[in-house]
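Next, two complexes with subunit A in common: one pairs it with subunit B, the other with subunit C.
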Partner chain A sequence: MVSPMILIALPLATAFLIVLIGSRVAARWLSLAAVALLAGLAPFWFAEVLRNGPMAIVLADVLPPLGIAFGLDALSAGFVLLIAASGLLVLLYSVPYIPHAGQFEGAKKAETRYYALFLLLLAGSFGLVMTRDIFNLFVFFEILCISSYILVAYSQEERSLEAGIKYMILGSIGSAFMLVAIGLSYRVAGSLAMTDIGQALATAPHGYALLVAVLFTLGFGIEAAIFPLNTWLPDAHSSAPSSISAVLSGFVIEVALVVLVRIGITVFGTLMEPAMGVLALAGVVVGELAALGQKELKRTLAFSSIGQVGIMLFAFSLGTQSGDWAGLGQLLMHTGAKSALFLVSGYFILRTGSHEIEAYRGLARRMPAAAAFFSLAALSLVGMPPFFGFFTKFRIIEVAAAARSALGYAGIVVILFGTVIEAVYLFRIVRVLYGGVTAAAAASANGATIGGLGAPGSIADSTLLSVAGAPSSVPTLARADLPALAWIAVAAFVALVLVGGFAFPWFDQALQPVAAALAAL
Partner chain B sequence: MSITTLLLLPLAGFLGGIALAALAPASKSPRASGAIQKFVAVAGFALLFVEALATRSAADASRVELWLFGFPLHFAMTQLSWYFIAMVTGITLVTVLFSLQGLRDDGKYPLYYVWLFAKTFGMLGVLLANDLLSFFIMWEVMSWCTYFLLQQGGERAKRAAGGYLVYAVVAGMLLFAGLMYVLFHVGSVEFDAIGKAFAGFSAGSVIAALVLILIPMLIEAAAYPAHWWLPSAYANAETGISAYLAAISTRIGIYGMTFFLFAGFGLSVINIASANKFANVQEVLMVIGAFTMVVPTFTALFQHDAKELMTWHSIGQGGYMIVGIASSTTLGVAGGLFHVFNHMTYVSLILFSIAAVEYRTGTTNLNKLGGLIKRQPIAYLGLLFGIIGLAGIPPMNGFVSKWLIYRALILSGHPFIALSAFIATLGTILSVYKLIHNMFLGQLPERYNDIKEVGWGMRLPIIFMMAVVWLTGIFPGTILGVIAGIQKSLGLEALQYTTYGVAQGAGQLNMLVINIIFIAALLVSWLIYLAGGKRKHIGQYDNYAAGHFLDASIPYNYNYDFYAGMDHIFGPALHKPPVKRLEQSIGAVVLNASEYLRRLFTGNVTTYAAYVVAAAVVVLLALGGGR
Partner chain C sequence: MISVSAVLYTTSIILVLLGLYGALTRKNLIRTVISLDVIDLGVNIFLITIGYIKDGRAPIYVIGSGSLSVQAARMADPLPQALVLTAIVIGFGVTAVALTLIMRLYEKRKTVEVSETRGLKW
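Let's turn to the complex of A and B:
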């Protein structure tokens, strides 16, 4: 079996190679090949970990505490699988999408940078879930963060640049918090291995341990989008290219969240759990209610991510293995549904040239597959049976009720209330998509497609031109659905929420050892 | 297994329809795809109805485990569910047959039949569900499919569907909470186990569970004060679909209420929940029912749109069912359940007639219609039969169920509820008079001179429903027999019935005699009419008013703003009642909260950094404060 270190080595090497070669065609296919290889290997690692228990990875025969400690257990192997698979799908989507995402000078050349940074982001995420040492954690965290700051600003539009800078400033504050926490832990433990620090902090004075815990949790919590540290998220997730929004909402915040939970358990014991539960529920309320008032599609989705992260964190903060289990199910469902939603909205924006929901009126006629995917993913997110989201939400409510605590009951009320709000705003969007096209909307849609984005299919554009000139009261717009590669990527994410629903007991079983790994560490 | 077929057939119809729509989109060949859809729908729903009738023997016998969504759901047929299943499949078939001609502009409703299949699947699932978890899952499926069915239509229909969705999701979440409450207090989702456990619970716990479970049923049944979603949702649908929705869709809530009061958790539940004088589930339900009868019925009086008027009535008639069933007497439950059937028949008949008028005139606005009696006689007769049933006047079927309910209310000592029922019936009579007068009587506007009766595709369903409304009025025993069977299977005392009505022991009602008297009276008055002196036929403009001669330009416009005087007095309270204001205030609170929370995200990095620091301080103080 190939050593899992390839997960970090291959993306890094490919990234450098891409920049050296400098051709965007090479960049596309090299990165696709590399990530496809990793995604192909990931199930085998997962299976092996399930069979033989956790793997310790020793680099250059130097054992911890001196060497760099990596490990692959059911949790990290599960995440490796999730990251590699979604990474591959989003890369597939990027091939047709990215040429239209940036309309700035030198965009063609910049495309190689996009793939290089994307691979760095993957390397950072892989490292983050595999590392067993708190300083490496910081290093991989920085790799992940810095590549995502740049990717958010990729299109170089004003709003993306602004969002990228905000993201970077808040991310740096988080990094500073973390660094202080790491220094303070090193002072008491004299080691950087997480287990050593955990033991040392357990005997340290309570105030000291608490300070370390709070600094670390909040520092990391910025990336994990815990309320009220998630203020960067609506801007960043809505202004990034949609492929990056899908990655950020799909697994980056989730990876950060799970690493945070794992560290919370390994290093800080249960010090932070009650606070996390309260913050989680506040996040659900704020995220869902704020999403209700949004006029832009991707901003709505970004706020919905805040709410969803709150739901996951709530499940984790119950502090039971079944809580972790339920949280992981929700996480997996959210990756599928939210990635699909963001990827589809990328093409809604390309086709209409607008971020506003109102501009998508009647778009289902032009993009039937895209609109259908959007509706399916939305149904799962809201939790309609038989979709995945129904079962994961069910599991969370069940676990919360079993906790028999005030927090658990409050959680049930908040999550059920959140579901109502979620249904309202998501299906308001679906209604617009399937609504009737007014002549004015059609004209503006035509104008946008002709004006900017010399995008997909000049044939479609010329048909639009002729229609715009015709004095027809019922506007008929040429079909311009998702391109094939984007279609495949979105369909795969939607398939996850469908299969997750119909084969829920199987997923449930598969998540058991992952949850056990999270709880047992 | 026949129960399996009942569930899989509509599911196959739905999936097949989706596949068909994807392979042969309506936009490419609307005519061919429409024809295929219609054929599949008629064949599918006809098969389903036959299957439903044939599975009656399975009632109370078998329990089926179906792995619909990757884990087992349990279904079983009871007498109660069979009654509703027969109604659902029957009225759906009639609606589909009516829609063949009645549904105009196929392109506007591309997935109408597909969602009708899906909705039927959800409804049958709810009716057959045999444990609380299966019930909840199928309930959710049904609500969402209703939402998608309501969306089939124009922009207004879509907006109204959005309103429905809010109520439906709230209902779903309450039911979810109820399910969890039961699961954690009883440890099982099986109805038997829940019933046994409830028998040993305190009244408070049982009431808490029942409230969480019954509120969603009442929302679905559009009971006061959770009825505001219904009028706009149903009135904005195509009229044929409105008929279906008003006839049976809402009544699944009545099924749920009956089921959870008497069947699901056993008979002892209602006694436990009604023992306390102050928190008495039965009394509260009856008061809700009384409000549901009176307020919407009088709101109907002031509607100027035939469909909207009828949707308000279909809410109001639900109130009769609620009070009847909640009275939990033999007569009351029988009356309530019979009223479900009767209401289904006459309300679809009325809405079919309205659809026939709308098909020719293009409007349902009561201020613009009039005098159509000679142009559309079948539609007129349909409406006449329907409103006689609706008003609960002999000889139609509505009279029998209302008679049972009145009698139950008086005998069980609920004089005020009975009084509300009488008042509501008065309101019904007033408003159906407005309906038939403004559509068919009075002067015919000139623009409708050339109108013809609709084709046989729509005529036949109307004539068929007329026959049903009248025949079940003469022979109520056919349906009462089924209901007595339900009562027996639930362990209630069964109604003593005869073919023509109610047996001596239960108060005696013979509809055959009443019909004979009625027909004899009609004959006598016709003879008197013949015997009366000379008659002169005059044109509709041969008229005068206070010395003015009226011609076609000035019709005697009695139609316009009917009941204007009453509207002036009662209107303000009914057009924007406290309930509507409450709904709006809740909406406003949520939107305002959304607005304030949205402003937390100022877009200013300095503020954001301050949040981080503030969070650090607060968490540190909160966690370390005590030491």
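Let's turn to the complex of A and C:
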């Protein structure tokens, strides 16, 4: 079996090779080949870890504490599988999508850099879940962050540059906090290995451990978009190219969240759990309520990610193995559903040229498959049976009830409340997609096509048309289409939420060792 | 007598707080980036101070001047220094990327002031 170090080495090497070659075609195929190879190997590592237990990775024959500590347990292997698979699917989508995403000078040249940065982002994520050394954690975290800052600003429009800068400023402050926390941990433990630090902090003064815990939470919480450290997320996730939004919402915040939980549990014991639970619930309320007020599709989805992260964190903060289990289920569901939603919204934006939900009125008639994919993923995100989301949310509520604590009961109320709001705003979007064209919308569409004839006449015209349900009243789609390749990616993500619902017991079984690994730390 | 490390710790904390204040209040994006660098500087001094010992020497074993354990007791901890080296490189990278993004924004808007931008208020 190949050493899992290839997960870091191959994307890094390919990224720099791509930049050196500097050809768009080579960049596409090399990155696809590299990620496909990793996605193909990932299930084997996962199976091997399940069979033989955690795998220690020794680099250059130097054993810890002197060597660089890496390890692959069920949790890391599960995440490796998730990251590699979604990375591959999003790359498939990117190949036709990215030429349309950046309409700036030198965009063709920048496209090779897109693939290089995407691979760096993957390398950072893989490293983050595999490292057992707190300083390497910082290094991989920075690789992940810096590549995502640049990718958010990829289209070089004003709003994405702003979002990238804002993300970067908050991210840099976060990593400074993390570095201080690392210094404090090293000072007390004399080692950078996570297990040593955990032992040392357990005997350290309570205030000292708490300070380190708070600094770590600040550092990672910014990336994991925990309330109230999430102000950058709506801008960044909505202004990034849609493929990147799918990655950022699909697994980057989740990886940061799980690493935070992992550090929280390995290193700080039960110190942080109640505080985390409260923050998580606040995040659910704030995220979902803010999503309700948005007019842009991707902003709505971005705020919904804040709410969803809150739900996951709440499950993790219960501090039981079944809580972790339920949280991981929600995480897997969210990756599938939110990636699909972002990829489809990228398609909507591409075809209509607008970010506003209102511009998509009646779109289902022109692109039935896209609208169907969107609706299925939305239903799962809300938690409608028989989709994946129903089972995962149900499980979280079950676990929260079993906790028999005030926080648990509060969590049930908040999650149900969040679900209702989620249903309101997601169904509103679905209704717009399948709805008829209103007079005003049709008038603007008609006015655009006819070239702005007499306004009263065109309104009367289009009212008639929309009553008759004529296809010409649907928004005109002048922009480029995406080939079937992109739809494979969307379909695969949607398939995850469908299969996850119908084969929930099987998924549940597969997640159990992963949850055990998270709880056992 | 105030110890050197106390001075260094205090300096680093003051630098971090100054930088934080600057990063959160400055309207000029270039100044925000400078503030981030000041935070980084404070953090780096903090990390170095962790490995500081009074009258410490470079962690190089010299043959003929005492046993390893005697020499080691007077060596400064090299690990924080290695960490700071890495952190400096990362900080440099972040600064370079930040300035590039700001430059691109300036090309569009002809200003680096936050107050004139729509989305950058927080």
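Here are some notes:
In the analysis below, the second predicted complex is superposed on the first by the 476 of 521 C-alpha atoms of A that agree within 3 Å, B and C clash if a C-alpha of one lies under 4 Å from a C-alpha of the other, contacts with A are read in each partner's own complex, and residues count from 1 in each chain.
One rule holds in what follows: a contact is a pair of C-beta atoms (placed from the backbone, for glycine too) under 8 Å apart; a residue touches a chain by one contact, two chains touch by 3 or more.
In this text the structure is predicted, and so the values were computed from the model without any measurement.
Of the two partner chains, subunit C is the only one that A:Ala153 touches; subunit B does not reach it. Once the two complexes are laid over each other on the shared chain, residue contacts for A:Asp481 go to neither subunit B nor subunit C. Number of subunit A residues touched is higher for B, counting subunit B against subunit C. After overlaying the two complexes on the shared chain, residue contacts for A:Ile173 are found with subunit B and with subunit C alike. Judged by the touch definition given at the top, the superposed model places A:Tyr434 against subunit B, while subunit C stays out of reach. In the superposition on chain A, A:Leu292 contacts subunit B only, with no contact to subunit C. Residue contacts after overlaying the shared chain place A:Tyr186 against subunit C, while subunit B stays out of touching range.
In the superposition on chain A, A:Glu398 makes contact with subunit B only, not with subunit C.
In the superposed model, A:Glu356 lies in contact with neither subunit B nor subunit C. Once the two complexes are overlaid on the shared chain, A:Val424 sits against subunit B while remaining clear of subunit C.
On subunit A, the surface patch touched by subunit B in one complex and by subunit C in the other comprises residues 165-166, 169, 173, 231, 235. Across the complex, subunit B is touched by residues 165-166, 169-170, 173-174, 177, 206-207, 210-211, 214-215, 217-218, 222, 228-229, 231-232, 234-235, 271-272, 274-275, 279, 285-286, 289-290, 292-294, 365, 368, 379, 382, 384-386, 390, 394, 397-398, 401-402, 404, 412, 416-417, 419-421, 423-424, 427-428, 431, 434-436, 501-506 of subunit A.
Of all residues in subunit B, only 25, 27, 68-71, 137, 140-141, 144, 147, 151, 154-155, 158-159, 161-162, 165-166, 169-170, 173, 176-177, 180, 183-184, 590-591, 593-595, 597-598, 600-601, 603, 605, 607-609, 611-612, 614-616, 619-620, 622-624, 627 touch subunit A in the complex they form.
Against subunit A, the residues of subunit C that register as touching in their complex are 16, 19-20, 23, 29, 32, 36, 39-40, 42-43, 46-47, 50, 79-80, 83, 86-87, 90, 93-94, 97-98, 101-102, 104-105, 108-109, 117-120, 122. Taken together, the subunit A residues at the contact with subunit C in this complex read 135, 138-139, 142, 146, 149-150, 153, 156, 158-159, 161-166, 168-169, 172-173, 175-176, 179-180, 182-183, 186-187, 192, 231, 235.
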